[in-house]
Every structure is written in structure tokens, then in C-alpha cells.
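After the C-alpha cells below, expect a handful of questions from me.
The letters A, B, C, D, E, F, G and H name the chains in turn, as written, and every chain counts its residues from 1.
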Amino acid sequence: IRCGFPEVIYCPGKTTEHIVKIFLLLAKKGNNVIASRADREVYDAIAAQLDHPGLRYEELARMVILDQCDMPPTEHYIAVVTAGTADLPVATEAKLTAETMGQRTEFVCDVGVAGIHRLIGHSRTMEILREASVVIVVAGMEGALASVVGGLVNSPVIGVPTSVGYGANFQGLSALLTMLNSCASGITVVNIDNGFGAGYAASMINARLEKQR
Amino acid sequence: IRCGFPEVIYCPGKTTEHIVKIFLLLAKKGNNVIASRADREVYDAIAAQLDHPGLRYEELARMVILDQCDMPPTEHYIAVVTAGTADLPVATEAKLTAETMGQRTEFVCDVGVAGIHRLIGHSRTMEILREASVVIVVAGMEGALASVVGGLVNSPVIGVPTSVGYGANFQGLSALLTMLNSCASGITVVNIDNGFGAGYAASMINARLEKQR
Amino acid sequence: IRCGFPEVIYCPGKTTEHIVKIFLLLAKKGNNVIASRADREVYDAIAAQLDHPGLRYEELARMVILDQCDMPPTEHYIAVVTAGTADLPVATEAKLTAETMGQRTEFVCDVGVAGIHRLIGHSRTMEILREASVVIVVAGMEGALASVVGGLVNSPVIGVPTSVGYGANFQGLSALLTMLNSCASGITVVNIDNGFGAGYAASMINARLEKQR
Amino acid sequence: IRCGFPEVIYCPGKTTEHIVKIFLLLAKKGNNVIASRADREVYDAIAAQLDHPGLRYEELARMVILDQCDMPPTEHYIAVVTAGTADLPVATEAKLTAETMGQRTEFVCDVGVAGIHRLIGHSRTMEILREASVVIVVAGMEGALASVVGGLVNSPVIGVPTSVGYGANFQGLSALLTMLNSCASGITVVNIDNGFGAGYAASMINARLEKQR
Amino acid sequence: IRCGFPEVIYCPGKTTEHIVKIFLLLAKKGNNVIASRADREVYDAIAAQLDHPGLRYEELARMVILDQCDMPPTEHYIAVVTAGTADLPVATEAKLTAETMGQRTEFVCDVGVAGIHRLIGHSRTMEILREASVVIVVAGMEGALASVVGGLVNSPVIGVPTSVGYGANFQGLSALLTMLNSCASGITVVNIDNGFGAGYAASMINARLEKQR
Amino acid sequence: IRCGFPEVIYCPGKTTEHIVKIFLLLAKKGNNVIASRADREVYDAIAAQLDHPGLRYEELARMVILDQCDMPPTEHYIAVVTAGTADLPVATEAKLTAETMGQRTEFVCDVGVAGIHRLIGHSRTMEILREASVVIVVAGMEGALASVVGGLVNSPVIGVPTSVGYGANFQGLSALLTMLNSCASGITVVNIDNGFGAGYAASMINARLEKQR
Amino acid sequence: IRCGFPEVIYCPGKTTEHIVKIFLLLAKKGNNVIASRADREVYDAIAAQLDHPGLRYEELARMVILDQCDMPPTEHYIAVVTAGTADLPVATEAKLTAETMGQRTEFVCDVGVAGIHRLIGHSRTMEILREASVVIVVAGMEGALASVVGGLVNSPVIGVPTSVGYGANFQGLSALLTMLNSCASGITVVNIDNGFGAGYAASMINARLEKQR
Amino acid sequence: IRCGFPEVIYCPGKTTEHIVKIFLLLAKKGNNVIASRADREVYDAIAAQLDHPGLRYEELARMVILDQCDMPPTEHYIAVVTAGTADLPVATEAKLTAETMGQRTEFVCDVGVAGIHRLIGHSRTMEILREASVVIVVAGMEGALASVVGGLVNSPVIGVPTSVGYGANFQGLSALLTMLNSCASGITVVNIDNGFGAGYAASMINARLEKQR
């Protein structure tokens, strides 16, 4: 079994019956399992059939997680930074994905660019960002935080545009374009609201570094 | 005559003959005159017919300006800030528009967010921004500078997205959406590359303050 | 405390519990507080914990407002103009934001361009517009009112495109583009339906003038 | 032969040889012929083969016109109104199309909404608009003139959005959306820069009225 | 009173109370009144306060209509043609608008281009189209019917794109672009689903012809 | 060697040297070779190195073709139909691709929907369409011809939207959406201006039928 | 009667009464009948009036099918391939359409490109694809499967982009563009989620081949 | 000096004089310098003033590079993979950026998905991809290669969509959306044609691993 590479089910468009069936099948392989974008009913249906201490539902991130791999804490870590509190669900999806892949994370919340001093003036936060092996920046509306963080750190930055906002943010298009056009070097981007993808890519980077240790 | 409200000709789509004719007509009213987005040939054609010490061509901003109003320097001023050097033509259009309207300006160049310390760590720059009656922020690519400046000052900020960039910046759309969705309060926006509009609106604000003195 | 610069919470994407907690925290600082895009339940939850005569819910604008700053009426004022009655919620958001920032407002309703004489032929309305220090124009559908008003006044105009309309208005895109491309000088624009932003920017302008008095 | 319904060739994408061949063929039928969006070389190539007093090139509108139908002047007429001088080529295409279809036109130039008094305060212009059987409004940038005219007259208004402008006008999209979303009743719209289509549709309406006389 | 030019209220975004108040006010002027895009509750609320034999609710078109003008039947008429049965609500809005404006209409249903012989091979239908003073074509999906009809008749054609369809029809954008780019001359277009606008514009044309009789 | 499946080089973005090198390499395999979207200089450079009677340049379609497979004429054939003469380059690309794949074609030109009788009233044309094993419809502007043809035949129809047109055709987007949303069954679509792709897919269908004979 | 060409009703936008009436009418002609995008209530309403052993409701595909044509099994067949399980409803619509047209199908599920070995490494699957007369590829998200399959087979491939996905997939636009721009030759595309259209076009191809046998 | 983090000038929108001035200034710091998107004239102007053996012009990638840091070869490497030969300029920009940052690269060219066996069936290529610390995939048209590679390797994949293609690829939008919506995990994306950004981000990852050794 490949601990560190969980099995993942993306739930939208699938029936609960179908999800449960796949989940149980994957669970048998011994690896961790994630069902993302899952309603609580999906969790209930799985829990009704799978009695395992490592099974839980994460409300905010809307994930069902089965933790059955015993992985030692990593020394290298991934920083997850959000611009606003409305970005929390997506940021949490990123964080939990990384953790289910066995990677240590540090979480920095609500440091959007309109109050840049909350970020720059705060030395503990700056230290967390600077020493991370990779930084995930989660931001909606204009998504400018990715550029600012990119300019502050020397590690790779993964931007996650969120659909938080209204009007001319066009469901996240605004933040997506912002991050793709960032004038800071070293920023790569995932799909709108794709906390999972960011957590996954960051874990690949962090895990390699850890292995190298 | 209304010194401070120049006559303005937008050149694209007009023949040089037509532009010259209008320019001469407007010049007679005694007010300042601007021909924007003008090639040097347009200037030459005007200069051939109008011999006036106040007539000049501004290469970078592509403006023909006729300065025939004698206006005292204002105490209040407008700050014009650019993210990169490629934003200079648009920023200069804003600056010259304001000056032709009799307003004092201060210019801050190349303080894009990827190097935020060039802005925040520089006390003279911060002072210029904080004491301006209105700040014009000119930025292309992801346009994040408007949000950062908006968070640093208490005066109104006018964002000018520029078409500087490529690919998913879609000729300025990216910076435009960024500025419209800014999470900083007090930011208003003009059309892509519209330095003129920003300079004009800022002048209206500054002029009122000045009159009040 | 900085009376005139209220604390603001943008509610969508936040849980009621979270909003209440932040609201109470901000309220303690002594400044006015606004929760925008708030359902009545949010108000009820706040009111259950905060017993203050200055706390109220504004149905139409969907704002919770806590008025605890005693500010004298300003002489300068902001005019808020709407094209149609369906633009009222957004216009009211602008008006209440300005008032919570201590600024006087004048309201002109339903003067859309299809009946231009209701605007131009009405001398009291024209006077209100012409003597305002700044004019906020709120319009959906084709949003042409901003251009017409911009041509009638010498003060800065802030356009607020609304999502009122259907089909090729694409949820406000039509009015947004109209205002950004206005051939009237001195118009700046905020995001679709962003009455708050317009009220905030206008207040910054008006407050400066007032201070100057 | 059907005088009043000219034969029309849309030139882009066709070789000059091809255009000449079609033009000569159509000319033989005895009806008027139009080649639209034609360069002067196209005219030269046609004139080299067709020696006819009614053949001419219209520079501004880029049309080759062969006038060989003798049509009496109509009493009813079509008003063609433009917002700015840069809209002249498109407006002229509309005017010449109508005239080649035998319809009388009246031309009103440069009455954009930013100076609404040039339109409303000018009684001769108002009379021309009000007594026309149909009004063609040609406008670029934000295209708001169509709505204003629509509110002033009781006859059908045909809007022609032009590609005049830059940035967020997206080559005429802005004016197109404005006109499609007009809050004035009785406005219909043709493609961006389609002066021909507007002139043709207006002529159909005017011709019917004339026949009825 | 101007019979033939009804008073119109566009309901979305207005409260029922507001609509009722305006409706009663307008009804007093003696002209016909239309409330478009109205739910049955709106009708019920109006009917509770206005007891008039000419008041009715049109389910399919979602219109409240008050018919209090006595207008003689016109001889000229407007043809309303639909591509599919799903286009009926919009087509009916057009038809009822025209009738409330006193104009005679003829209705042709379900003659989409995929079965072109239902249109071309049917002589009665062809006669109706050819003798109409103006033809309204209502079509969703690809909206090709407007072009076909435009090629068959010599009268002006008003295209109404509908939002019927899915996927890459983008809520009517497909049919809208089709009609704007029609290679048939004499077609003008209104907003997506805007049966009202088409009926209104067509009535203006038909009424003029009728008056001329 | 697989006669019937030519080797194909898509030229844009490649240097002439590069193209020549690949062409010569592919030519050696003995199969037919096509270089699409090729300037005449590309042909000249190839011809300078490859002296073969089957090598030719097709001006209109901008193709270099090397015909070195001897294929017997097929009985089944592909019909290629165009709406206008400006669609000829794309239609010819489709036709030549099919022929280089050994398939017989029939060409029907200039039968756009605005003159539907040129198509429906012409029995020889109708026969060609009805007896083809597959019909390629090439149309720009609104692209409605695909739907009409789809309704007339029982064979599969491949639509090729072209970029012919202007304004709201958005470089072929209009015709593309039209064809994708066609209400006629059995229509599939290729990329804008992709005559090659349509010719290739049609050849696959026709070749199978032929083999079956 | 034309067995193999079923009568089809597209349900959205039609009332149940209307659908039932058309269905019964079409059923009388003796051909198979399909009501697509139908809710179960539509089926119930039809079943209440039509007692026929060949009438059934297909839940996943949301189709009401009346099978009253007795058609022998075909030897040639259509392969239907899906990238993920969420694409099943659309793929099933394609499959059932083809079967109701009398064509044999083979179904291959869940072979998306992220696990390309499930496709390429599986010889039975490869054989099914290679021997099909036409392959329908149903894929959402990035829709890359169509290109991969197109490169593996020599038969025509019909791509069906689905709306499965989120964020920058823009309701299927992403997969649609992917398929239209495929670098594999011989791919044609239908509308987003249009399983019906793909099944119909594939059946036309397969049926011809079968007839030829 | 920070060898490994070159100074970078993005040339478009800057005058040659300006670029030369900045280049010389940055060169003095002792670090490597890159001028991207530079014409040969820019190189000539720099070379005229800077006589350094490490200065060169890279034609294909359009980069001026000044190599003045002596960096030992890394063991870890970055794989750069392209779908077609037209993607070479962008891929080379990525490769040279990485090399100027001191990182070893491996180059794999022309393995687009339409011929998937060129990739999967080639064991040396597979080995290069699987042992890279990060893989950069450069692809235009439909951009599907990123998903396929993502499914084959366990390392992070950075997708670079290119503008290669035409029609509905909309200057790279198609490939961009494909990569953002990839169903393979661990893919992050940079702007269209942004080889520089991909090379930079990949170098950050590779350099960390190397340092760890």
C-alpha cells in the first residue's frame, strides 16, 4: 500500500449508493481514503457500513476521511494562508488533504491584502511563511494575496482562487486571472475552489523533501 | 472660460484634418486643450497651423497639449503610483491630464506588489501616498497594487487597470476585474488604460478641496 | 476611535455564529459597525446578544447597523440617484453606508434615461445633482444614466452598475461595461451591486471637503 | 426589376476578381448595386470594366455604389443620428444604403449623451427626430444614445453599436449590450458596425409607409 | 390619453405592494396597462383592489393586462412565428403586447428550420408571412429561423432569441449571436426572451402604416 | 503503407526549415503528405528539394499536397456545401483533404439560408445532398445552413463554422454556437475554420462504407 | 413508418399535458418514440394514458422510451466510452438513443486519462474500441479522453463534453473547447451533455454500414 | 549575491534604452540576469555596452541571458515535455530559465496525446519523466498532455498552456482550461505561454531538494 497517496472520490454527480460502494472497496486496500465535496448523508451512509475509528466527517471542508495509515509527523511543513474567513472551507480542504497525505501543515488565517500589516508586521506569521517548504495561498474576491506572499517568500507558492465574492468576480474568475497573471515569480495555480488539488501538489513537494532528509 | 476643465479630443477613428479643425476651434475659446491618443503627425499638423508657446507634444503619453490658462499651483495634490515601468504611458496620461487641469501631482513609480517592501518600507513614499487628497494606482498584469494601496491610505483611490501583460490577462481584463473586486474599501475604477479618465476624476476631487481652502 | 470609518463585515460565506462574534468584538471598539448582505436572522442573533439603542436592521439594504458614534450633520452632501425602482436595494446600501460614515445624503429615485425629462426638466432635481460634492448613480439594465448625469454635473460621479435585468445583461455585465466606457469625463465605477463601495468612496471625498470647511 | 431592393456584395474574404465578376453580373439586371466594405482598388477594378455615370466610390463608408434606378424622392424619411464623429463611417454606410434604396434621409451628427443638451436643447434636431418614420442611432463606447433617443420619440429606433472605443468596450460589445438592454421601448438592434443592416431595415419600414401614401 | 401606448411595469425586483400601487396609479390615466413577468399572486393582489372587466391574467406570458381602451381592429397585421413549442411563452408575450397596443396579429407555431418544409411547403403560412407588415421570429437553441424567414419575406423581421436550450447555448447567447449575424437583410434583434420589446417595436411600425391608410 | 491516411503537418508556429525536413521524411514512407495552412514559400522550399510529379500547391486552401498513392475512385461520395463564397478556402481544405484520402467529393457552393430556394428549389442540388454518404456544411456569419441541411438529409452532417463575418460573430464563435445548438439531429461539429478535420472525419465514414461494398 | 428514425420530444420548457399529447400522437405513427430530459412524472402521465409493453422509463438517462419497432440486432456496433462515473447519465442517453434506433452498442466505463493504463493496458477494451464502427467519447472536466481515444482508433470519434466539474470548467465549456481543439484527427463534437445527438449521429453512420452488408 | 535567483526583466512595453539601463544595473550585482520576450535588437543594444563572455541571445526563446554565476550541476533534475514542435519556444523559455537558475533539465519533445504510444511505449522517456523531481508539460491546442503525464508520474506537474492553435482555442484559453480542470492530481498551472514562470517555480522545488542532499 502507498501510504501518502490516499484514494480519492469526488462526490458530485454520483449517487450515494455508488459512493459508498467505491469507498468500501478502496478502504480495503489499506490506504487512506477521502470523499471530497460530500454531504453529511454520504458520511452517514458510509459510517453505517464501515465501523472504523479512523473514519470521520469534516463539516467545513465537506470531506469524509478514513485515516488508516500510521504516518510519522514530518519536519518540513506546508503553510496554508487565507485572505478572509469565507475562504476557510477551501483552505481547510487543502489542509486536510495534506494531512491525510501525512504532511505537517501550519495555518494562517485572514491576512488579506487590504490590511497588509496584519501579514507583514507580524513576525511569527512571516517566519511561518518563510520557513515553509511550500505555501498555499487561498483567496477570493481579487485574490491579490498570492502576489504579495509570492513576493515575500523564496519557496514555491500555490494559489487557490476561491469563488468568494459577487458581481464582476464571476464566481472566482477574477481571483483566478489575478493569480495566473501574478507579477511575483514562482506562483502556480489550481482550479477555482480546488483546495484538494493544492493540498495534493504541495504534499508531493513536501514529501520529497522529507524523504530526502 | 472654465480654466481647469480643458477641452478634450479623443483622436482614434478621426482623420487628422478633422482633429486639427476641432483643435483650432476649441483653442479659440481660451481654455486648455488636450488631444489624447495622438500620433506625432497629429501634433505636427496642429503645430503647422497654431503657433503658440503653450503647445507641446508628450511622446510617452501620446498627448497634444495646449496650455493657455495661467493657473496657480495647488497645495492639495494627487498621487500617481505605478506598479511597473510598462505602466508609465498610462500613468503619464493621468498625470498630464491632472496638470493640464491645474492640479499638482506627485509621481511614484515601479512599486508593484511582488516587491511590497519597496512601497511599505519606504517612508517618503508612504508619506506621499498618505497625504495625497486622492491616489491614482496604475497597474497591469494582476493589478493587485490597487488593493494594497487602498489598505494603506484613507483617501479615495482610483484604479487604472492597464493592458500590460499577456495570455490570461486578456488585454487588461485581469487587472480590471482585480480592481473591481478589491477587498479594500474606497476604490473606484476606470476603463482599461484610461489614464485620462482617472486624471480627470481625481482633478475634480482635488480642485474642490483646493477651492474650499 | 475613528468615527466616520465604520467597521464592516461582509456576511456571505460566513456562519451566523462567526458573524455575531466578530460583530460584538468590533462593537466594543466604540466605532459604528455594519454587517452587509445580512439576513434578518443574522440581525436577530446579534440583537439577542447586544442590547443597544443604536442597533437596527435595514430590510431593503439587508444591513445590520450599529450607530454608536455621535456625528454632527455635514453641510456638503452626497447625491444618490437611481434609474429604476428595482435599483433601490443597492442605492439604499450606498446611502446607509454614507450616513453611517456621518455624511449627509440626498436621494433621487427613478430618473432612468428612457424618460430623460423627468431628470432634466425637473429643476429641483437638477439643483440637487449640481450642488452635491459627489454623485452616486445606481442603474441596471443598460446603465446609461451614469453617462447622462456625468454630462450634467461638474462633480465626480461614481457609477454603481446593478444586476437588474435579464438575458444579455448577463447579471450586470451590461451596465458595468456601459459605465466603464462612458463618454462623460469624471466617472469612476465600482463592482456590480456594490452600493457599499460607492457609499464608502463618496464619503471619503465628502468628509475631506467637510473637514476643510 | 425591383428598384428599392439593391443587389449587395459583402467584400471581405472575396478576391477582387471575384467581386468584379459578381458586380458586373448583378449590374446587368438593371437594379442598383452595392459593394460594401470595399477598398478603393475594388472600385478601380470595377470602374475599369464598367463605364456608367451612376457608378461611384464612397470613401468614408467604403462602398462602391451603382445607381441606375430612377427613384422619386420620398416624403417620409429616415433620421440617422450619431453620438460621435468616429461613428461617421458606420452612420454613412447606413445613410447611403437607405438612399440607394430610394429613401430620403436626415443626418444628425455628434449628439452623444455626455452633452445631452446639444440634443434636447436643440429644437430643429428634436423636430427631425420626432417626425422621422424611423430613427437609426449609431453609437460606440457605451452606446447610451439609443436609450435617450428611444425615450424622446414614438417611432421605432434601430440601434447600431459601433466598435469605437478601447479596453472594456471589447470591440463594440459594450455598446451592443447597452442597446440590447435598453430600458426604452421600441428599440431593436443590429450587429456591431452594421450600418448596412440598419439602413436596409429602416428602408423597408419607410418604403412601406411611402407606398401607403 | 394615448391609446396604443400602454403603461408598462416590469415586475422583477419590485415588491408586490409596489407593483399594485403603480398599477392602480397608471390605470387611472385611462390607458391600457401591462405588468410583465408577473406571478399570479401579483395579479391576485391587483384584482383585489381593482374591479374592472378588462383586467386579466395571461398565464403563459406571465402578464397582467388591463384593457380599457376601445380600439378598432387594424387591417395591417404583425406575424408572430415560433421555432418550437418551448418558445411559446416569449412569443405570447410579443403577441399580447401588440394586441394590447391595438394591433392585429397572426400566430404561426413550431416551424423550426430542422423541418423547413413545414414552413416553405405550406402555402397558407407563407402567405401569412408575406403579407404581414412586420414579422416577429421567436427562436431558441440555434435561432436559425430568423435568417430563413428573413430570406423569404420583404418586410422587416424582428428576431427574438430565447433562452430555450442547454449547454453551449449559454442561456440564449447562441440564438442572440445567430440573429445578430444573420446573412439575411432587414433583420433587427431584441434582447434574449424580450417578447415585450419585439411586440412593442412591431406595433410602432404597424400602427404607422395603419394610420396612413 | 496506409494509403487513405495521409501524413499531415500543421504549419503555423513551425519554421520553414523544420517543415521541409518533416515533409521529406514523411514523403519517404510512400504515403500521401499534406502540409496545411502553408504559405507559398513553404511550397517553394519543399519543391526545391523534392522533385515529384504528384507535388502541388493549392492556393485557395493553402495546402501543399504530395499525391503518391494510386487510389481508385470511390462510388460513395462526400458532399461539401458552402453558405457563401467567402467560405471557399475552408471548404476547399475539406474537399482536398478528402480527395487526398482517396474519397470522391461533390461540391455545392453559395447556398446560404438567406436564399433558401437556391437550395430547396434546385432538384439536382437536393439529389447530391440526399445521396451523399456524409455532408460537410461550411458556413460563417450565423452558420444556419447546417441546421437546414440537417433537416433535409438522413445522412450524418459535419458542420464547419468559419470565421467569416464581423462584430458579434466574434471570429467564428457565432457560427460555432449555432451548429452546436442545432435543433436538427445528426449534426456534429469541428473547430472554427477546420476544413481539414471535417474532411478527415468524413473520409473515415465514407471509406468504411466503400470498403463494405 | 421509418423504423430506425424514432420520433423525439425534447421536454424542457413544455408542460406535461403538452408532452403527453404529442407523445400519444407520435406513438400512433407506429415508430419508436423518445421523450428526452423527462422527469418521472412525465412518464407517469404518459403511462396513465398509454398501455403498451414497450413503454418504459430510464431513470439515469431521464428518458421515456416507447419501443414498438421490431429491429434485428446489427453486427456493426457503436462503442460508448466514459471518462468517469459522473458522466454516466449522458453516456446512457447516447447508448439508449442508439439502441432505440436499432443499433448495437458496447459500453466502456470510467477510463479517464488520469489512469491511462486502465484503457491502454486492457486488451479487451482496446479491441472493443478498435472494432467499433464509430466511438462516442463522453467526458467532463478537461475532456482529454476524446483526444487519447482519437489517437488509438481509425474510426470516427464523436466527442460529448459533459458539464461534470466545477470552477473554471464553466459548466462544460472546458471539455467542449478541449474536444474542438483536439490534435487527433477525425473527432467531431456535439453540444455539452448532448448524449442524444451523439447517439443519433453515430446511429446514422452505423446504420449505413449495416445496410451495406 | 543570491546565485540561483536571477534578476529578470520582462521586456514588452519598455523602451530598449530603458531595458539596457536596467540590465546593466542588475548585471553589476553579480547575479545572473535574464531579459525575457526580447528582440535581437535588445540583445545588440545590451551587447554594445556590456562585454561579457557569459552574455548570449537565445533566438527561439527570445531571451537575453547573462550567465555570471558559477553553479555546480545538480543531481535532481526538471523534465520539460512538449506536445508539439510549435510549443518549442515556450518550452525552451522554461528550460533556459531553469538552467540560468542552476538546475539540470531533461527535454522530451513532441509526445502529444494523439500519438500516446510515442510517450507510453518509449521506456527511456517514461524513465526520464518518472525520475524527475518535477515535470513541466508544455502544450497548446487542447493541452491534454498535462493530464496524461499527471497520471503517469508521482511528482508534481506544472502545466504551461500555449497559444498554439486557432479558432475555438481562443489564443490558449482552451489549453489553460484543460489544465486547470485536469482530473489528474498534483497538477498546477501557470499563465498561457509562461515558460518563464514554470521554469522558475520548478527550479524552486528542485533547488530545495538539491540543497537537502
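The rule is short, and it goes like this: a contact is a pair of C-beta atoms (placed from the backbone, for glycine too) under 8 Å apart; a residue touches a chain by one contact, two chains touch by 3 or more.
This structure is a prediction, so every number in the text was calculated from the model and none was measured.
Asks: If I rank E-F and A-H by number of C-beta contact pairs, which comes first?
Replies: Contact tally favours E-F.
Asks: Please identify the chain with the largest separation between its CA centroid and the CA centroid of subunit H.
Replies: Of all the other chains, the one whose centre lies farthest from subunit H is E.
Asks: Just curious, how far off is subunit G from subunit F if you go by their C-alpha centres, in Å?
Replies: Centre-to-centre distance between subunit F and subunit G: 26 Å.
Asks: Any idea how many Å lie between the Cα centroids of subunit A and subunit D?
Replies: From the centre of subunit A to the centre of subunit D is 57 Å.
Asks: Between subunit C and subunit G, what is the separation of their C-alpha centroids in Å?
Replies: 51
Asks: Can you pull out the residues of subunit F that are in contact with at least two other chains?
Replies: Within subunit F, residues 167-169, 173, 176, 180-181, 185, 191 contact more than one other chain.
Asks: What chain pairs are in touch here?
Replies: Pairs satisfying the touch definition: A-B, A-C, A-G, A-H, B-C, B-D, B-H, C-D, C-E, D-E, D-F, E-F, E-G, F-G, F-H, G-H.
Asks: Inside the complex, what are the residues of subunit G that reach subunit A?
Replies: So the residues of subunit G touching subunit A come out as 85-87, 140, 164, 166-169.
Asks: In the complex formed with subunit A, which residues of subunit H make contact?
Replies: 5, 8, 133-134, 154-156, 158, 176, 180-181, 185-191, 196-198, 200-201, 204-205, 208-209, 212-213
Asks: If you look only at subunit D, which of its residues touch subunit F in the complex?
Replies: Spelled out, the residues of subunit D in touch with subunit F are 10, 12-14, 18, 161, 163, 171-173, 176, 191-194.
Asks: Enumerate the contact residues on subunit F facing subunit E in the complex.
Replies: So the residues of subunit F in touch with subunit E come to 83-84, 112-116, 120, 141-144, 147-148, 150-152, 165, 167-170, 173-175, 177-185.
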